[in-house]
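Letters are used for the chains, namely A, B, C and D, taken in the order the chains are written, and counting of residues starts over at 1 for each.
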Amino acid sequence: MPEPLLQAVNLQCERDKRILFRELSFSILPGTVTRVEGPNGSGKTTLLRMLAGLNDAWTGELKWCGSPVANQREAFLRNMLYIGHRPGIKPLLTPMENLRALMAGRRSVPDAVFRQALQGTGLTGFEDVPCRNLSAGQQRRVSLARLLIADEPLWLLDEVFTAIDADGIAALESLLQQRAAEGGAVLVTTHHDLALPGMHKLILGAGGVSDER
Amino acid sequence: MAFDSFSAFLTMEGHGPYVWACYAVFFVLLAAMMYWSLRARKTAMDACRRGYEFEADKSKVAAPAPAASFARVNVSQD
Amino acid sequence: MNAEARPAVRLASSSVGALAAMKGVFARDMKVAFRQRQDLLNPLLFFIMVVTLFPLGVSPEVSFLSEAGAGILWVAALLSVLLSLDHLFRHDFDDGTLEQLVLQPQPLFLLILAKTVAHWMLTGLPLVVLTPVLGVMVHLDGNSIAILCLTLLIGTPVLSLIGAIGAALTLGLRSAGVLLSLLIIPLYIPVLIFGTGTVAAAAEGAPVGAYLALMGAFLMLALTLAPFAAAAALRISLSNG
Amino acid sequence: MWQIFHKLGSPKWFFGISTRFMPWLLVGGIMLLLAGAVWGLAFAPKDYLQGNSYRIIYIHVPAAFLAQSVYIMMASAAIVTLVWRMKLADVFVKAVAPVGLVLTFLALFTGAVWGKPTWGTWWIWDARLTSMLILLFLYGGVIALDRAINDEKSAARAVAVLVLVGVVNIPIIKYSVEWWNTLHQPATFKLTEKPSMPAEMWVPLLLSVLGLYLVFGWLACVRMQTEILSREQRTRWVKEFVMKGRV
């Protein structure tokens, strides 16, 4: 049994006096794809934001490689890649500039690599066009280009299939699988019918659990 | 007693209105704040009580929330 | 699947230095600002217009203007900085780049410091550059203008730094602009007092070295404390959003 | 150690202990406040400089004193909120901020009314009054921010950050306002600074300050209980308290 990358123990999250989930414990092993499932309002996005460290209105324990995340925040962030609902793309900047800015605090990557990544997402010819001139799907692809050059072992992807066409989705699915085969761990939420062989599932209940504590 | 008579106490050599106005405003505001705070607590208690009674009612007819069907609602009035 | 079949996870341990990360944040903010050059003019125009209101609204007399001029320019500068603060984090928050900023494996307060420096270069510094022109228009003498510019040069970064806390606290709230002013104006008062007081002292021929040193101390205090407070506030606001 | 700390922070524990102490706080506070006021109004000797108008001191000083120390208390609670995330601390900040605002207003109002017979004008840009006015703004900002954020946990933490930033600024504001005051007008005689006060004058002042402290304590308890009731509605002990009237 390999050591889990990320371990959650007894997570409980409350939002506007409503318990989204509680006593939620799970481990994310390297080499797996896990899909977070649940109806609207069950806390999928909140869970991913909690794991990424964006939301800290929760109780419980989160461990990265065996020790609490809070004690090694920067090491954890360096090894985690989060792509959220909002793609994190500046409309005024070109895809190249956006990628440069996104990677600036992580590691230095030569421009040629960025170009290759953009080509890999089907944005050949758009590398130097301001992103506001691109479609929603193309903007999404810019942020997904990070996946092609990511060395982070843990990926947290929140609704990344939104606005992507069928071919793109198929390619992304195989990317996720390949990443898992390389030893990475992927956590996704999606309403798209994702079914990868060997995929794990994390099921959140319907919202509105509000009985006595 | 620092004053010779009760009327001297009230007028305070011309400073009476200022002094008494200050004391009046001070005690009225303080009392108002105390009253509001007490009333807010009572409102909160009542809200809790209503919540529990509603819950008790609901538990008798506990039905799971129906799944979304997205069926069109018939609005024709004929 | 047995354990040997899995390739070992490789954890990345080193990221770029904090200075390079700050440079990246700064460069990006500058680039975005210059892609929308017309927006850079807004605080400047606002500054000029507020100053114009005083001769029109109070009195165009030389004696009044030369006495009140430094105060008018300081208040106008303060208001223009306040006006521009709402944008400090808002656009980044809306398009999701703020999340990515917070998730960089770097100390957040340094990244915020870089953003604040960029904000100051784009609003505070142009105001200082414009001050001599407006100083002449309100009949300040040369010495007063020089001192005024100096106080603004030290004071406007303090305004940006304290403002960053307010901008981070009000991020994502409705009517954030008004709320921001309510929170921040009381905190601006000491800087305003010393900024205008220094010019007044200079006009009376008193030495101003000590006052400028005190303003420098304000700047140092704001530089060391404000980014931490803004970082904490930003995490809270993001957690809410 | 941590157990005790945790217990101190538990809303249930607070509810029990505060319910026991509240009558004492209320009775003691009102008695002291009234004693101070009656003594100050009727029995304390007249001030040889300001005449009888100085009798406002027996409510002005307690209000001003409390207004400032409430902010300091809020700042201490804010540190506890941010560092230990103790529930009671942010309940306290939220509950007492409006009380602080009212006290600051009272200090300003009584100061202004006192100014009329003393200086001949309702408002004077005196260092004390001006810094009180800024304190009023600070309280206003805290309350406005608290009201603007829906999620109560985020609101508590955001307010804590703001209160701490404010408390770092308070000495700076005070110092700068005093400096500004000397720059713009020569120091006249101050409202409350006396070279020496005879005991007949300061003892009633002490009584009313203590009295207002106790009344503030009572107000804080009532308001914190209100806040706890609405936050902890779903817990069993609140249900028992509301339905059966005991903790």
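Following the convention adopted for this analysis, contacts are C-beta pairs under 8 Å (C-beta built on N, C-alpha and C of every residue); 3 or more make two chains touch, one makes a residue touch a chain.
Please read all numbers here as calculations on a predicted model, not as lab measurements.
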| item | value |
| --- | --- |
| Between the pairs C-D and B-D, the one where more C-beta pairs touch | B-D |
| Chain located farthest away, centre of subunit D as origin (C-alpha) | A |
| Central chain (by mean CA position) | C |
| Whole-Å gap separating subunit B and subunit C, where each centre is the average of the chain's CA atoms | 41 |
| Distance from subunit B to subunit A - Cα centre to Cα centre, in angstrom | 46 |
| Distance between the centres, which are taken as Cα means, of subunit D and subunit C, whole angstrom | 32 |
| Distance between the centres, which are taken as Cα means, of subunit D and subunit B, whole angstrom | 20 |
| Two or more partner chains touched - positions in subunit C | 239-240 |
| Touching two or more other chains - residues of subunit D | 150-151, 154, 233, 239 |
| Residues of subunit B engaged with two or more neighbouring chains | none |
| Residues of subunit C defined as touching subunit D within the complex | 162, 165, 169-170, 173-175, 179, 182-183, 185-187, 189-190, 193-194, 197, 200-201, 218, 225, 229, 232-233, 236-237, 239-240 |
| Complex contacts: residues of subunit A adjacent to subunit C | 1-2, 5, 30-31, 52-57, 65, 74-80, 82, 84-93, 97, 100-102, 104-108, 130, 151-153, 181-185 |
| List of subunit A residues in touch with subunit D within their complex | 15-17, 57, 210, 212-213 |
| Residue ranges of subunit D in contact with subunit B within the complex | 37, 41-46, 51-53, 55-56, 59-60, 63, 99, 102, 105-106, 109-110, 113-114, 116-117, 215, 218-219, 222-223, 225-226, 229-230, 233, 238-239, 242-243 |
| Complex interface listing, subunit B residues touching subunit D | 1-3, 9, 12-16, 18-19, 21-23, 25-26, 29-30, 33-34, 37-38, 40-41, 44-45, 47-49, 51-52 |
